[in-house]
Amino acid sequence: MSTLSHLDAEGAAHMVNVGDKKSTLRTAIASGRITMSANALTAIKNGDAPKGDVLGTARIAAIMAAKKTSDLIPLCHPLGLDAVDVSFGYEDNAISVTATASLTAKTGVEMEAMAAVSIGLLTIYDMGKALDKGMVIEFIRLIAKTGGKSGDWHAPE
Amino acid sequence: MSTLSHLDAEGAAHMVNVGDKKSTLRTAIASGRITMSANALTAIKNGDAPKGDVLGTARIAAIMAAKKTSDLIPLCHPLGLDAVDVSFGYEDNAISVTATASLTAKTGVEMEAMAAVSIGLLTIYDMGKALDKGMVIEFIRLIAKTGGKSGDWHAPE
Amino acid sequence: MSTLSHLDAEGAAHMVNVGDKKSTLRTAIASGRITMSANALTAIKNGDAPKGDVLGTARIAAIMAAKKTSDLIPLCHPLGLDAVDVSFGYEDNAISVTATASLTAKTGVEMEAMAAVSIGLLTIYDMGKALDKGMVIEFIRLIAKTGGKSGDWHAPE
Amino acid sequence: MSTLSHLDAEGAAHMVNVGDKKSTLRTAIASGRITMSANALTAIKNGDAPKGDVLGTARIAAIMAAKKTSDLIPLCHPLGLDAVDVSFGYEDNAISVTATASLTAKTGVEMEAMAAVSIGLLTIYDMGKALDKGMVIEFIRLIAKTGGKSGDWHAPE
Amino acid sequence: MSTLSHLDAEGAAHMVNVGDKKSTLRTAIASGRITMSANALTAIKNGDAPKGDVLGTARIAAIMAAKKTSDLIPLCHPLGLDAVDVSFGYEDNAISVTATASLTAKTGVEMEAMAAVSIGLLTIYDMGKALDKGMVIEFIRLIAKTGGKSGDWHAPE
Amino acid sequence: MSTLSHLDAEGAAHMVNVGDKKSTLRTAIASGRITMSANALTAIKNGDAPKGDVLGTARIAAIMAAKKTSDLIPLCHPLGLDAVDVSFGYEDNAISVTATASLTAKTGVEMEAMAAVSIGLLTIYDMGKALDKGMVIEFIRLIAKTGGKSGDWHAPE
């Protein structure tokens, strides 16, 4: 006879059951940035980074990561994305990454947007680390989401 | 006849050829943290987060991500890790993640440690976002590396 | 000219075409167990297994395996799970694993539940094998399914 | 402040947003072939190839590749296939592979059929290369597609 | 300041560090079986199962699963297998699967052999479940291992 | 009692056991091309293809595919690549792809180079198919290999 009780108490990890949720349009925007030395930033801007085209590679890595999200984050549901868009911006001592994901589904795409940003930033680190090992990834956060029962949400200014 | 020249200029993305490098012991330590509301932090500490055991799940996600690094970061070499270790710390308004990776190989394990930290933090975000969508991932960086031609490196204080 | 006939006789492996099936709610429950020495069972119960938290790790492995099912079983359709739940029970000389999977789709989730149980049990083996290499995985079977054209089914007592 | 403009010009790689497309029945057929020496072809026909059953293995590889398409081709959408069918034909100095894929979705399954053919042919190469390293894969193309806004299409004779 | 102590107590899941182990030849043999109705067994033997060639498909699934082991079992090390061999046997009311794996590495291949057996059996279940949903997978166990610090081991009779 | 004999006859698919082979430097070069309309070729050259930067994306897809080879081709050994290099050439009515792979291992890297070429070409097809669905992938072949017991090999002119 099994005694399941104490092994499956409230605290056990589990996927949320989305079976009763409605399939609605959902979008999410996330962003983050990586700070770096002037030297590294200039090399990336000029296309002189040692492993080649940094932002083109980071963009593909970010898009592909969004599609792998449910394989990376244990309790995420597998989702069929309608779109993922990744863009970059140069700041004074940093490069920013913004990702937008959308689909019509029973659960949101926040994690897909967050994963795209994270892997995009890691790829920049990988391709620039020969120039500056001290680059720091920071400020990865959700900017906004729409759709679903919890409704729209925007990060505070 | 092909005219390869301008398509494969210096700037094209490419894996670094590590064929001539020596196989040596290499280690890397990376860390990062995720800031959150007192409410979310307390729930995680108390095991009351809505998807269950946050740090246990994040630890497994981080370890598995380290093993997937070359599938996530386009120009990383596939590596056979000897060890990955992931630990967490509670801060005042944040949880920190530290990952240590090691192996004997021709190239370093910085990206494996960085990937473990990043996916560990994303998993915490995923499991806590019903409590606080405004959590922010920050300060992901390499703490130290040892081994290889470029030698030891420590992040500045 | 191709002569396809004998190469594609009835016996060739193929995915069943589910294009004409209706999308309905489907659930599946599977279970199995792993027998082990009293020594190994006590260590796992007490949290003293050499690789750490056995059931927490096995649970995550089981959930992630359910999501990978169509990548593991050649003729399974890729499915977007609504939920997967994994629970454990202590028996006299064994640990049992039960997995429940559900979704609304054109085909059933039996294999997702069976895969979750199998990988959960393999993970327990991996984490306990330093204590007892003679552990045996047994009695992996479908307990029940609901939905779909073939209707409900329950394993005989 | 970010200056996103020149980094995200028209030319940046991106997934097409299929959010506004209708979910309709879509099918695609692709084919290709691999030419080889009479010696290699005879061995494969007779089941004497050094790694064993060539076409049975290539068929499974092709089916599994169709399911991995969105993980292989960076800008493909993840799709839940209804069916994939793979068949082979013997030609005078070649083996041909044909794959048919179908589903009801917002975007087409051309790439799934093309990927199945390509990986099926690569698997034949792998299993026959000890007999003939000079085998050549050729004429991989879309034969026909149906469904979607762009309608039906057939390859010219 | 982090207070890592109680979060990383002895019980936390972790990969064993194999950095100090010697790279030696290691082999493992595992087996298991799936019991089924006479009807299902006859159909499989005769090549009449509804999804086609059962054992050919299960063999490929088993081999591919061995290569995915470190992606399935959270604390397994990624290993570069030298060989995997999978064989089947017909019993009175069952089909048995045996897998042998080998490599020269710092850690053993027991889990690769166990994973091959498990996924091979699940594939048989998948391909036969339209004939008999009550099939039961049982007796998955390690038969023998050689090599490594813990030396040779054989399952008791 | 099992009767393994007829199920595991010579013809069964199996990985070649490379345990007794020497680890030596091995390289492989493969190439292929995709023919297309003048319209499509011009759009790709000018950076006007509808999904964005075609060759940059195809290059990353090709490199990542090389790393996934053992997950795509059932009987390939998992290998730790030292380098993969992918280049493109414009022909009159086609784009050619060449991939070079190398490592020090017990078995060759031909399939890694062939897989890189195949997935690179499929990616070009995917990104150009809105311009020309009739593009044809052809002439994928091994150009040369070095190392290993079978020695050097070059494709006949």
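Points to keep in mind about this one:
Each chain gets a letter, A, B, C, D, E and F, in the order it is written, and its residues are counted from 1.
Convention: a contact is a pair of C-beta atoms (placed from the backbone, for glycine too) under 8 Å apart; a residue touches a chain by one contact, two chains touch by 3 or more.
These figures come from a predicted structure and were not determined experimentally.
The chain pair A-B and the chain pair B-C differ in C-beta contact count, and the higher one is A-B. Matching residue numbers shows that A-C is the pair in A-C, C-E or D-F whose interface repeats E-F, with more than half of the contact pairs in common. One simple way to say how far apart two chains are is to compare their mean CA positions; for subunit A and subunit D this gives 29 Å.
The multi-chain contact residues of subunit A, meaning those touching 2 or more other chains, are 12-16, 53, 56-57, 60-61, 64, 68, 74-75, 78-80.
Within the complex formed with subunit E, the subunit B residues making contact are 25, 55-56, 59-60, 63-64, 67-68, 78-91, 96, 98, 102-104.
For subunit A in complex with subunit B, the touching residues are 10-16, 32, 47-48, 50-53, 56-57, 60-61, 64-65, 68, 72-76, 110-111, 114-115, 118-119, 121-123, 125-127, 129, 133-142, 145, 153, 155-156. Across the interface of their complex, subunit F is touched by residues 1-4, 7-8, 12-19, 70-71, 74-75, 77-80, 105-106 of subunit B. Listing the residues of subunit F that touch subunit A in their complex gives 53, 56-57, 60-61, 64.
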